[in-house]
Structure formats: structure tokens, C-alpha cells
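Input: structures, listed below.
Next, two complexes with chain A in common: one pairs it with chain B, the other with chain C.
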Partner chain A sequence: MSQAPASRPGRRIIPIVEVALLLIALPMPWMLEEFWVLFATKICILALLAISFDLVWGYAGIMSFGQALFSGVAGYVTALLATKSEVTSIFVLMPTAAIVGLILAFIVAVIVIFGRRIPSVVFVAMGTLTGSYVIERLARGWSWVGGQNGISSLPRLTAGSFEIEEGTVFFYLALGTLIVTYILVRLLVRSQFGLVLAGIRQQEGRIAFFGYNVQSYKGVVFSLAGIIAGVSGGLYAFHEGFVGPGQLGPVLSTQVVLYVLFGGVGTLVGAILGVAIIELISYALPQIDWLGADVTAFLETGWPVVLGLLLLGTVMFRPTGLIGLVVTDRERIGTFGRAKVARQPGSTP
Partner chain B sequence: MNLLEAKDITKIFGALTALDKAGLVVKENEFHGLIGPNGSGKSTLLKCIAGAEIPTSGTITIGGTDITTATSPERSRAGLSIKFQITAILPQLSVYDNVLLSLQAGESMGRLLTSKSRRSLDPKVLELLSRFRLSDRPDELAGALSHGQQQWLEIAMALARDPKVLLLDEPTAGMSPQERRATGELLAPIKATCSLLIVEHDLDFIKDICDSLTVLDQGKIVATGPTAEVQEDPRVKEAYLAHA
Partner chain C sequence: MDVVPFVFDIAAYSAIFVLVVLGLGVIASMMGIFNFAHGEFVLLGAYTVYSFQEHGMPTWAGMIAAPFVVAFIGLILERLAIRRFYSAPIVAMLGTYAIALSLRETVRALLGGRFYSVNAPLVGSFVIGDASVSQWRTAVIIITALVMVGCWLLLTRTTLGLQVRASLENPALARASGISVNRVYAGTFAFGSALAGLAGALMVPMYSISADMGVPFLIKSFLAVMLGGMGSFEGSIAGAALVGATSAALPWAIKPVVADLLVFVLAIIIVKFRPEGLLSKTRR
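Let's look at the complex of A and B:
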């Protein structure tokens, strides 16, 4: 039941949600206990990964089940640099994570996206899923990268002589990275380039007849999303102090898809909401003890079933996700030309 | 001067020969109609020229450039533009953004990333909307337009990048008589800059706007030439016009 788009632009809700989330996030370290600061940091890092998926699926129509591959490998590479070469500088490790994500995404794009003809959504989904699965299996069997156990006891990130501890400092590092990434991606999807992406999502075949090389646009977006996933993977590894095969595989890749579908595809802010709400529900469900002993006993192990039903219900009855409850399709898709020209200095309305 | 040439086009689907050495020539600044009874192969020939089908044999050139197996972007760069029968506007984008999208297709990715041409393309977008009687609805969703207006919007989009040849597949299908007449009026001025190859069932519309015709029947060319001559051709009357 997708909401019928209003034919004319109406009131804008997304900026209100963005500001509200920012106001909630900024004072967190002063208002919450350390556990919740660590929890919020993890949400910020996973939100980066969710934004990378929203960029490829919500804006470019590429169904990727491989975002964890880019973040996970970036996590492994930075973890190996830290443990085997004793490199801990954030100024080396985070750019490295970004470059690893970029290169890997570009390689996958060459295999599953570039070609003379436009590949199907299913082909890309299966290709990325396979890549994610293969790399996870490889990591599990490769003792040099820790095999099943992964790489643990990572040293702290450093900025010069300053150690970036988990807690307040790491929270603001993750939040700052999320804000900068969000703004850059927002500018991208609302640019003339973003208009091409909107066209690709709605009428891929038609866009090619205008003269656009659809695969090139998809390849660029996919590679850019790889950078974001890579940074997410690097931050995640050093926040948790650990990187393992589970961070490379289809489970995390699918989890990212669910975050975005639940929060709202193609809005960016929906991806962040999806991560926050799913992670909070995942934490809270097993803790519920006021619904009777039987329910409590069930929720201790059966909470994923409840979460799954909740996700299924949302996706079935609100395909635009939670954000679709308050944001019209018109606002979600946005405008690219006239309104923006009118806002530029020197323009006549 | 010949602009678009389709020569000896054969298209075979399994046991069916849809086109059998069919061809046509569209000259500069000419409106050329492609007609024929249902199943004659006219849509297949148009699809081969548009690139939606690759001919089994034969060649297609635009201004001397071979585009027989070219991709859609390559055809567009060669100067070909297409409006298919089924309207393919972007219904969830505004009318303005639909035209901007087609107009900016020649820009580099870097310029689009930085929205360099958004302002400079604005007058051209507004001019196209005005030409196609949509200037009062730029902010409206394209999907909210009437069927006829959606067809005009798509023609405006197809003309945005000043193509050499525009292919139109049944542009007046589903239109009211008034909209059909208006479509003819909207198309007439483009002859100064663009040639037209049009597939249409409405023979009165075709006869009104086309300088020349090609008639297909059972995948073969029955007649081709100036509209007045082709109309009088007894083979055409037998194959098509008499049954129309």
C-alpha cells in the first residue's frame, strides 16, 4: 500500500526528522551510561553501512546483498595492518578502509554491473550474495587471517599521540563520520546526477535511450557506496576490537537490507532509523519480563521470530518503510530542477 | 540528402520471418510515415532502427554512421531519438524534471555531480515546456498529466537534445480528436531541424503531416515514395488502404 504521491510539492518532513535525530544524538554521552554510548556508537557505524545500501538500492536500483563484503574486508585489512604492522593511525587506517571498499566494490561492479546490456536485479543480487558468501568461507578457512576466530585484541586507533578510546570520543568520531557522509550523500542524490539515478530507478531502459550509459552510473554509485561500507567496516573493527568471518557474510549483508527496508528505502534518514529501531528492539525483546514467565522464556530465545514478524508486517503493509508513515512519495523522491534553480541567488521566481 | 537508411533488413524470430529484406530512407527535414496492416512488420522495423531488436541481417545508418548493432547511448549520440508507443515518462518526477533529465544527457558525470548546468539549462527546459503546452504545470508530477499531455511531454523529452531523426511509434494512440490535431500542430515546426519517422494507424493523421510513406505488408516493402504517389499505388490500395 504505497502512499499515493501528491501531485504538487507539500510540507517537508524529512528535514524535521533529520534535525530531531541530530538533537537526540548530540548530547548522548552526557545523558547516557557508558553501555548506551557504546550501543549508540555501534548504531552510528552500522548506519553508515545502511546508508551505503540505501544509496545503491534506494537511489540506483541495484539490489546488493554484498555490502558486508566491502565493510568486512576493509575491517580485516585494517585489523591486519594494526596487528601485523602495528599501524594504528586513524589517518592511515580509515583512508585504507575507504580505498579497500572502493576497489572491492569496483571489482564486483565490473563483474556484475558493467556489460554491454543492462543486467537484471536478480543477477546482481545473486552475484553480490555469492561474493559475500565466498569471501566469508575463505576467511573461515584461512588461518593467516584468524580462520573461524577472526582477529581479536585490536589496538586502539590513534590520532598522533592521542588514543581514541571506546566511549565518548569514539562516539563523536562515528557520529561525525555519519553526519559528513550523510551530507555528502544527500548532496549527491539531490544533484543533477541524482536526477539520473531517479530516472534509472523508474525507467532504466528509457534512460539509456536518452543517451545515458546506465551501467557507468550504476558502477560509480556502487563504488562510492563501497567507500562508505569500507569506512564502516574499519570503524566497526576498532570499536569492537575484533573482526571475524561473520562480518563478511550474507547474514550481515541481509541484516543491512532489512535495516533499510524497515526504516524506509530511498530517504537516507530511513536507513538510520531502521538501524536504530531494529538494534533497540533486538536488545529489548529478550529483556522483557513483565509479560509473564512463559512469554519471557519464549522471548529469551525466540525474540528473532517476533522481530522477523515485525519486519515482515512493515514491509508488507508499508513498502516505503517506517518513514513512509510520515513522508509522502513526492518528498521522498524530491525535486531536482526548478525549485533548486529558483533558490539559487540571482534567479527570478 | 539521405539521413536515415535501413537497407535489406531481415529479422527472423524462430520460424517466423518478420522482416524480409525491408528498408527505407528518411531524408533531411522530411516527415516519413511507415504504415501497413497489423502484423506487417512495421513495429519490428522501427524496433530494429531504435535498437530494441537487432536485425538478423541488413544495415542501418544515420548520416553515414553504421548503427546496426549500436547500444542505445551510441544511437543517441549518432542523433537518433525515440518515443515508443507505451508512454515512458517518469511518473514520479515533476514535469520539469522529466525534461531536464533528457536535456542534461549530454553533460559529463562530473558536471552532473556538481549540478553545474542546472541553471544554464533552465531556459531551454521552460522553452520546451512552453512549446508543448505544459508551461503551466512544471511542478506537477508527470504521472498526473492527461494521456495526451504525457505523450506531448515524452515528445518534448525526445526532442530535448536536438536529434537528427525522431522515431515516433503511434504518438496519437488513445488521444481525442482535438489532442490528435494539436499533436500535428506541435510536430509541424520541428521539420526545420529534425526528420521524423512515424508509425501510426491513423491514416488521416499520417497523410496530413508526412511528406513520404513506406508501406509494409508481410515483412516486405510494398511501396515507398512521396505520400501522394504512394496513396495512389494500386498495390498499396490492395494491401492496406482498401482495408483501412
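Let's look at the complex of A and C:
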């Protein structure tokens, strides 16, 4: 590669991927059967969770193994509201889910992020993972929230007198939430705020010496991610009609990490791709029947083994994830804000 | 309720936990790798004993074989995958998580998702005063003590231990002094795996074997390692003893769920304010 000309931005791939995904997603309910619409809705909801993780790890360098904690507790709180006090209005439940996510994320941030010393990345990872594990234990042992069985047969969400059924309507609800969230997060990480975040990710100490209050930035972004995770958890609970301890624990938390890693860290669209592809693989693996009876019999229960190996391969050989196959490093890192060029007040959101 | 069997219960649980944490601590502090597959090494140790019993061989033979089998598996994994993760703690966590997933699900497929029990090589109990104490638990405590003393002697009194400590302290200098750091790392990883395998083998007569048996140990062990302080042999043991004994003893006093919660939250808060560990003398 030659020096000067190579620094000219090449063809941008990410917008193409974004538009392609949108074009695939929009007409889905007309083209697919009921089952696949439900499947696609689940992918949209999990993609929200993946975006919240990508925001904290891919952009701010905070290793959170606790995203399922925020989404799961938000799911539990909304489910309890719906079953115990019979609130089903989406305009009450989803803001509640968001606020629960925000508060929890803030509490976790107080423990693992704030403080005079810069906590090590291992401590943050372990702290969030422990939080997730503890909450799962708590939910399993607490019979008021359903214990091992969780809370099942949730009522449907309502908007006014309209019931939001699983299927086409719920799909567009989830997709709409995903698109709005995506655009907002995209604006955030490409702003001057996002530039500070990227600086923290790359070289935390140096950003602190510049006079930025690193801890506050991390706390803010962690709490924002908590909101997204909370909304995702609320939607997930009502889409499945069920919340259980499994949605709180380290298993889902780690799965989110793997989604993002597989799709590509720090691109947002990679997170969505990762969710879609891993979920499709998980669905398809047990169905393979063209490799002989033995393989089918093994895959029926053992398909996570293949998934594990696939993920190991990604971690070892493709640290930039699938999106790294088509997107250059330059585009992945991207550009930030327009404060220098335009100098308009209010141009930095 | 009698005090002696109660104390023995706690001591036996703590002993096994110390073995698990020691293996994890050696790997974490030496190579900076938080091995998410450690719980699965415990599981593999237990599975070795189980398959010995299934094939009609005595369980004690399985218990002797388990550490070697697991060490061998650990060695292969280190050569194939783990060696790429040195000095990248997060990548290591995720990579070992993927390994753990594969190992756990393989064992699950082999076990068919059921619980099995394994007979202890020593059945029966001693009578001390008017309390009776399970022989097997006593044996577990003695074996753990012997292994710990053995490890300590190995690390502090032999040339091999010196090389290991040198590689831990300063890999570059150790390499310059003609120590094959790569080989030491591989050996240490295998050794840590062996300890987990031994713990699993000793544990299996007391708890039944199932694919998820290693999971609860994992997070507790991480906390114990961080509590004791990374990079010190005594620290890992102290942290393990503390976390193990508390989490085994507290459920007798308060509800198990609350006890777990308390142990974890306390551990995290202590680590937050003393990131260098409880035993460390260096202050900032």
C-alpha cells in the first residue's frame, strides 16, 4: 500500500451492509411464515442487547459480562408489574424497563467503574459477571418472583385498547425500536463524545491526563447501555410471554459478548449481524441430516460444541469478526463529529 | 446438631475448593489468563473417575489417573489455543469460554444430560468422641494438605520451581537467562489443569456428576484468586480458604441464597478497595 493515496477514504461498506439488512428485514412478515417472523423478532430484540454491549466494550472499552443482568431484571420488573398489578400498557412498561436498566447499570457502575483508581479490565469483567451470577441465584431462590420456573403466561402488551400480538405487529415494534436505537447510538459514537470514548478505549491514562473525567464518561456510557439493555429485556419478556432465571445469568451475558465478537466489535452493525448469524446457526445445526445418522444424533444434543469451536476459531483467527472480512480498519475506526470543520454551536449532539 | 461433622463438612468443601483455586490462581497469576474452562477441567476430572467406574475398574485408580488425563488435555489445549492468548486477558477469557462451552457440551452429550453418582473408595466413618466423621472426607482433607505442601516445596525448593517463579516475575529476563519460558508456561498450564482434575476426582463421591458441576466453582474461584491477590501462592490459598469456608459455613446460619449474595458482594467490594489482594504488603 502506498502512503498518501491510501489514506483517501475508500468505498464505504458499512452503509451498504446497513441498507441491505434493512431491506431484508422490512418485508419479512409478508414473505415468511409465522415461525420465522417470531424468530426475526427475537433476533431484533437480542440485537438491541448486543448493541448495548457493543457500545460499552466496542466503543468505551468497558468489558461488561453483565448486560443480561440489566435486561433480565428489567424483564422481571415489567413482568411483575404485568402479572401482579395488571399494568399492560406499553407506554408504562417500556419506560419502566428503560429506567430499571438505567438504575441497575448506574449501581453496577458505582461499584465497578467509579472510584479513585482506574479499575483493571479484569476486575470490571469479574465484577459484572459476579453481579449477573448473584442475581441469577437470587431469582432462582426467591419464590415471590417464581423461583426456578420464572414468571410465565404474561399478558400481551397493549397500546391503548390495542393488543400487541406476537407476529407482524410485534416484529415491527421490535424492528422500529432497533432502528431508532441504532441511529441514536450511531450518532452518539460518531460525535465528539464518541471520540473521547474511543480515546478511553485505546489509552485510558492519556485521556485522563488531557483533563477528561474518564470515570464519568464511562459511567454515562455504561448507564446509557443499561437503558438499551433494559428495553431489550422488557421486549424479550413480553415477546416470549415468559421470564426465567436463565435470562439474567452469566450464560446470556456471555452469549451477548460472543454475538458481538463474532459479528465484529465496534461497528454496531456487526453486533446485529452476529446475533442473526449465531441464532441461525444454532437453529440450523441440530437440523443437519445430510452428514449421516451418527452426526445427526450427535448434533441433536451436541450442537453447542460446534458453536463453541466456531467461536474459538473467530476469537483466535478473526479478532475483528465477520464484519472485518468486508470492512477495512479505517472504516471500522471511522471519523468523529464535525466540530473542527463546521464550528457551529450545537453541532455536537 | 453436632459440631464435629459440621466442621468436617466445611473443611472438606474448603479443601476441594482450595485445589480448584490453586490451579486457577497459578494459571491466572503466571500467565494473566483467567481460564473460563477451569470449571470444565474439574468436570473432566470427575468424568474420568466416572468412566473408570463404568468400565469396571476401581475408582481409586480413576482418581490417580484423573490429574494426568486432565493435565494432558490441558497441555493439548495450551499448545493449540491458549498460547495465542498470552497478554490479552479479555481475548483469553472469551477463548477459554468457547473452549469451556465445547468441553461441557461434549460431556453433556456423553452423559446424556443425567446425574450419576460414584462410590467413594473409602466408605464408612470414624468415631471421634460421640461424633462420627466420614472417612472419605478425612481422606480428601489429608490429600489436599499433602498436595499443597508438595506444591509449595516444588515452587520454593527446587530448580524447576525457581524457573517457574523467574518466568512469572520477568518473562523477558527469564528467557534471556536461558529458561524456556514457553515450556514453563505449557507445564504450568498443565499443572493447573491437573489440580482442577484432582479436585474434580476427589469431589465426585460427595456430589453427583453432571455436566454443570464445574460452573458454580468458576466465579467463586475467580473471586478467591482476586481476593488473595494475583501472583502469590499463599494469597491464592488464603483467598480460597476464606471464600470456601465462608460460603460453606454461612448457609448454616442464614438462607443459602442470601449467603451466596453476601459472599460475592463482600468479595467484590474488598477487591475494589484492595485490588492488590488481602495478603499483599505493598501499599500505594
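Throughout what follows, the second predicted complex is superposed on the first by the 329 of 349 C-alpha atoms of A that agree within 3 Å, B and C clash if a C-alpha of one lies under 4 Å from a C-alpha of the other, contacts with A are read in each partner's own complex, and residues count from 1 in each chain.
The definition used in the following text is that a contact is a pair of C-beta atoms (placed from the backbone, for glycine too) under 8 Å apart; a residue touches a chain by one contact, two chains touch by 3 or more.
What you are looking at is a predicted structure, and each value in this text was computed from that prediction instead of being measured.
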Contacts of A:Thr254 with chain B and chain C, given as first, second, both or neither: second
Contacts of A:Arg330 with chain B and chain C, given as first, second, both or neither: first
First (chain B), second (chain C), both or neither touched by A:Gln202: first
Partner chain in contact with A:Leu312 - chain B first, chain C second, else both or neither: second
First (chain B), second (chain C), both or neither touched by A:Phe193: first
Partner chain(s) touched by A:Lys84 [first = chain B, second = chain C, both, neither]: neither
First, second, both or neither for A:Ile111, with chain B first and chain C second: second
Touching partner for A:Ala125 - first (chain B), second (chain C), both, neither: second
Partner chain in contact with A:Arg12 - chain B first, chain C second, else both or neither: neither
Touching both chain C and chain B, counted on chain A across the two superposed complexes: none
Touch list for chain A against partner chain B, complex: 5-9, 116, 188, 191-193, 195-196, 198-199, 202-203, 205-213, 216-217, 220, 329-330, 333, 335-341, 344, 347
Of chain B, residues touching chain A in the complex: 50-51, 71-73, 75-77, 81-82, 88-94, 96-97, 100-102, 104-107, 109, 111-119, 122, 125, 138-141, 143-144, 157, 161
Touch list for chain A against partner chain C, complex: 63, 111-112, 115, 117, 119-123, 125-127, 129-131, 133-134, 137-138, 140-142, 250, 254, 257-258, 261, 298, 301-305, 307-309, 311-312, 315-316, 319
Residues of chain C touching chain A in the complex: 34, 81, 84, 89-91, 93-95, 97-102, 105-106, 108-109, 112-113, 219, 222-223, 226, 255-257, 260-261, 264-265, 267-269, 271-272, 275, 284
